[in-house]
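One chain, chain A, appears in both complexes that follow, with chain B as partner in the first and chain C in the second.
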Partner chain A sequence: MSVVQSIEENILKETDDKSCIIEFNGVTKKYGQATAVDNISLSIREGEFISLLGPSGCGKTTTLRMIGGFELPSQGSIKIDDKEAGNLPPNHRPVNTVFQNYALFPHLSIYENIAFGLKQKKIPKSQIKSETDEMIEVMGLQQHREKYPRQLSGGQQQRVALARALVNKPRVLLLDEPLGALDLKLRKKMQFELKKLHEQFEITFIYVTHDQEEALIMSDRIAVMNQGRIEQIDTPQQIYSNPNTLFVADFIGETNLIDVDSLQGLNKDILLKEFPQLINSEKKLVIRPEHFKITTKNRVQQNGICLEAKIKNVHFVGSKKLVVLESESQEMVVNISDEEHIGHLSEDVSLSVKKDLVRIL
Partner chain B sequence: MSKKTVLLLLAPSVLILLGFFVLPLIVVLNNSIMDETGSITFHHYLQYFKDSHYLSITWKSIKISLLATFITLLIGYFIAYFTTRYIKSKKLKRVAYIVIISPLFTSAVVRSFGWMVILGNNGFINNTLLALGIISEPIKLLYTETGIIIGLVYILAPFMILSITTVLENIDSRLEEAASDLGLGPFQTFLKVTLPLTVPGILAGSVMVFSLAISAYVTPAMLSGGKVQLIATVIYEQMMQVFNYQFGSAVAFAVLIFSFLIIGLNHYLLRSDWVEEGRR
Partner chain C sequence: MISKVAMWTIGSFLLLFLAFPLLVLINVSFTELNYLSFPGEGFTLKWYQKVFEDASYIDSFLYSFKLSGVATICAILIGIPASYALARNNFKGKGFVMNLISSPLLLPQIFLGLALLQFFYYFTNSPQSFLALVVAHIIITLPYVVRTCVNSFIGISPYIEEAGRDLGAGQWKTFFFVTLPLMKSSIVAATLFSFAVSWINVEVTIFLTSADQMALPVKMFNYVQYSIDPMIAAVSAITIYIAFILILIIDMLVGIENIASK
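Up next, the complex of A and B:
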């Protein structure tokens, strides 16, 4: 744990030194009465892979579209590379976008799609050709050069969309849920490819997704958004283990949220003895499923909190087992490894957890 | 379902098609290749293709139809673009569509009369221009080729507008965003993305307007006042006034073949790779 933390601090220090490429200052976007983005401030560092993560309708795509220039902020300022960019049209911004459904030009061949942005710049034809060809090779699209977008599979179209944006050497690449349309296996593969491209091109990636696992795997930092606001910006590790708000705790990974006040009986007494601040409080206990240990009844662990529960159900999910327990009308989920033995269904067991792994939010 | 039942179910529509569309054509074709004694002859076709008078009428008809198609395309594209892109509210859009197709609710005779009133020497246009002092004597609009073209453009515009609107509405707005993302200004985006993507609509609308223009009778007949002869008026004259069914049929069939050629050309142009690929 301490090693991880020190590495993390190093990363933080390192990225802190880098200059900031995009800065949001009190940005609000309203559509009529509805507020899509509510007074957010955010600075994105040069070269980082940052994810905007949140449920649909949380304002993450609107935020991305304001960076791209497709939406103009109702209030506040957006600076790109230290220049005010809030009202610049998309064609005057040093950013490129990979759209959700790729938005490839159906009337142009793959080569023409990728060369599209370069042809706009005043550079010699031979250079356009060599740069486009190089990009086609990087993306492994050589045999699809003369085909049209509709002849390609989803994964190939995805690569064309990436190539079309990256060939322009943008300062920032915006990705709007680019993997949403792919199947699970391809998505996993593309996640690593994206990460590789990020290292290769050394530019800033801003990645919009609602898939927390995807964000955790790929990002240097994650901004968790909810109802137009940013709830927390931090490294994936910090977001997972130190969520600032109940929303973040609930949205990232699986969590047991325990409302102590609504409990009765022995468990309530145990928890209130450990956390006296919870008496008559709105706050909840947050415990990750992997932090619980299941033991046979009355074998209390040292320096741990021990709750009574009954096994309700066991689900096998590949590498681990997911155990659903009931503890005084409160349902709890616990992850255990596949080999670990637990009791029978509806057997009474003890649930123990170390006190320092329990968070109060 | 067995093949027999399919054929049985198809039979009524095939019979209707044969009876109402193919049979009259065969009668016309039959007329055009028969002489008075009932033996087969190509005399009427030769007469038509050899007579410079008829050829110049044909050429004039084609010219007027092409011009009308071109002007309809320009105006129609503009209106279609405006209604799909600039009218945001759904209600207003619906109103706009009703306005666009409303001319089709009345007969061509009524609408052509309207234009006679507007285009005449004492009509709206001339009176306005005279009152503004832009012209000193009326311009001759009615009973000229210009008048016919104006009338045709007005009457055929809805067909063009509707076929372009359908295509424009189905263009993913993200394609235009992608173009501007890649550095294109609004006009370049239109030229390189929007316009090429509307080509199918442009071609479909143009074919429809052209074939309707070249076969139009009512509007040219009324707006020309008999002073400008077109192919459709020649056919009418031969059939209904001279009673030369054979020659009239030959001319009619020649026009039909010409229209087929145009539609074939359209089909060929539409077979560009990306449109074909999209259909698979």
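Up next, the complex of A and C:
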């Protein structure tokens, strides 16, 4: 067992001890004939940052909306803080939401937007004011206090939306693709800020996104969803390096999915010799682009698998080069660092990969 | 530059075209002649004096004001919840309901008047009552309220309402503190439309008005059948002044551009 693995298992054990704040038990959501969420069971731990990740239409937003109380499950139970959430309306749940397009109240000033939640509770006016002002300061919105949402930029509106939710001190913050409308630079900045807020407020964040990079950077755990089901829940490292299913392997990061049946000759023989379980099976080889090495043809690699391929294209993408190769009808992509030179190679090359980096799914 | 000049010229002509009949009316209301003729001659307030001295005209003004006011308030109170339901739900027969509400816009109103006369005669035996008139005016103003408000409700993102509920406001509180404030300019526009439509209606009103209590447009209609003198111009001009003052007040309250842009 490697050191990294044992550390990860320790982390898992530790977080397992923490109490569970939200529990899905066999939850299904149907809209007429269509099934949006299909028999999901999931427990979310107190204080963790969990992402629901998947392509559009995978049921991640529906799952989030069921926690918020905007959709009710067709079957199954959802417990929030050990209490059956059942048909509780959104205003009686200890959760708050940051909506996709912020959904700020256009007729209220920034101050009034943020104070809205507190005003619904029966607390003294002076306390509402002091708590709202404190939140405005935490989010750095002092100069915008009296402005209206339309006068703010996307990033500022985002901060107001966060402040408006967090000021209520929810047990769980639900975030529905909150960074989707921002440009790349701002998105990176907000990712960092969200992470900081998570540490600062010490509450559970449930984050819905279709952006795998975002999920990998920010989450303690990721639940990868597809067609209404959860394919895998794990730490980002585990999701990336040990995908359970072909879908997860393909969806997270770049992946070469190699169908041995589409290969012929030497390559097929080599692979079938190394992985006899592939004979007469539908399974595919999963190899990350960064795990391949490109060498001159026929140079033997130790404890590795060598495939023959032809270089088709080389793309420069900033920090790395992306090499597209072809082996019979199978296309493969390899990442190499920017400094690595492959100009001296001829069109025919060898691709090698360590055996323990290859997964069969 | 040239296009700007052209735009201004066309705009001014359009404005003149729309406002000219009203200006003619106002001009004639000050004439010293004893018949309707444009341009008027001289300047006198005697036609206005005649209107204010005729108690039956003052009565008609007040009666019409009461009728249009009550009908408009009812149309708003019925129309806003109805619009909200139509905007937020999809159900079988929604198109039918929408068309039914809009049907007074498509039918000749004289049929509606006749139908209502028979309806009230059949059920109450006294068709020419204030109640019958209010019901009739709600029917003819409701389409204006619903058509204006349904689209505005659709324009308010459901997420904004969800945000209200998410932050602890119940459904009713959310409606009153989030949704309705966003509807302000549409509701003002709907009120204006309803009041105006009710105020000027002759075709339906004439069937349901009794001889002793006449709504203003019916009274004017009756009057011009027998005598045409500039007094009728003065009555019309007074209505124009009232409308003008109303618009100024609304402009001060919510801004007329706000309503126009909706």
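Basically, the second predicted complex is superposed on the first by the 355 of 361 C-alpha atoms of A that agree within 3 Å, B and C clash if a C-alpha of one lies under 4 Å from a C-alpha of the other, contacts with A are read in each partner's own complex, and residues count from 1 in each chain.
Here is the rule we go by: contacts are C-beta pairs under 8 Å (C-beta built on N, C-alpha and C of every residue); 3 or more make two chains touch, one makes a residue touch a chain.
This one's a predicted model, so the numbers in the text were calculated from it and none came from an experiment.
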| item | value |
| --- | --- |
| Joint occupancy of chain A by chain B and chain C, clash or fit | clash |
| Touching partner for A:Tyr148 - first (chain B), second (chain C), both, neither | first |
| Which superposed partner A:Lys121 touches (first chain B, second chain C, both, neither) | both |
| Which of chain B and chain C A:Phe105 touches, first, second, both or neither | both |
| Partner chain in contact with A:Asn39 - chain B first, chain C second, else both or neither | neither |
| Those residues of chain A which chain B touches in one complex and chain C touches in the other | 68-70, 89-91, 95-97, 99-101, 103-107, 116-117, 120-121, 164-165, 168 |
| Parts of chain A lying in touch with chain C, wherever the complex brings them together | 68-70, 89-91, 95-97, 99-101, 103-107, 116-117, 120-121, 164-165, 168 |
| Contact set on chain B toward chain A in their complex | 172, 174-175, 177-185, 188, 192-193, 196-197, 199, 273-274, 277-278, 280 |
| Complex interface listing, chain C residues touching chain A | 157, 159-160, 162-171, 173, 178, 181-182, 184 |
| Chain A to chain B touching residues, read off their complex | 68-70, 89-91, 95-97, 99-101, 103-108, 116-117, 120-121, 148, 150-151, 164-165, 168 |
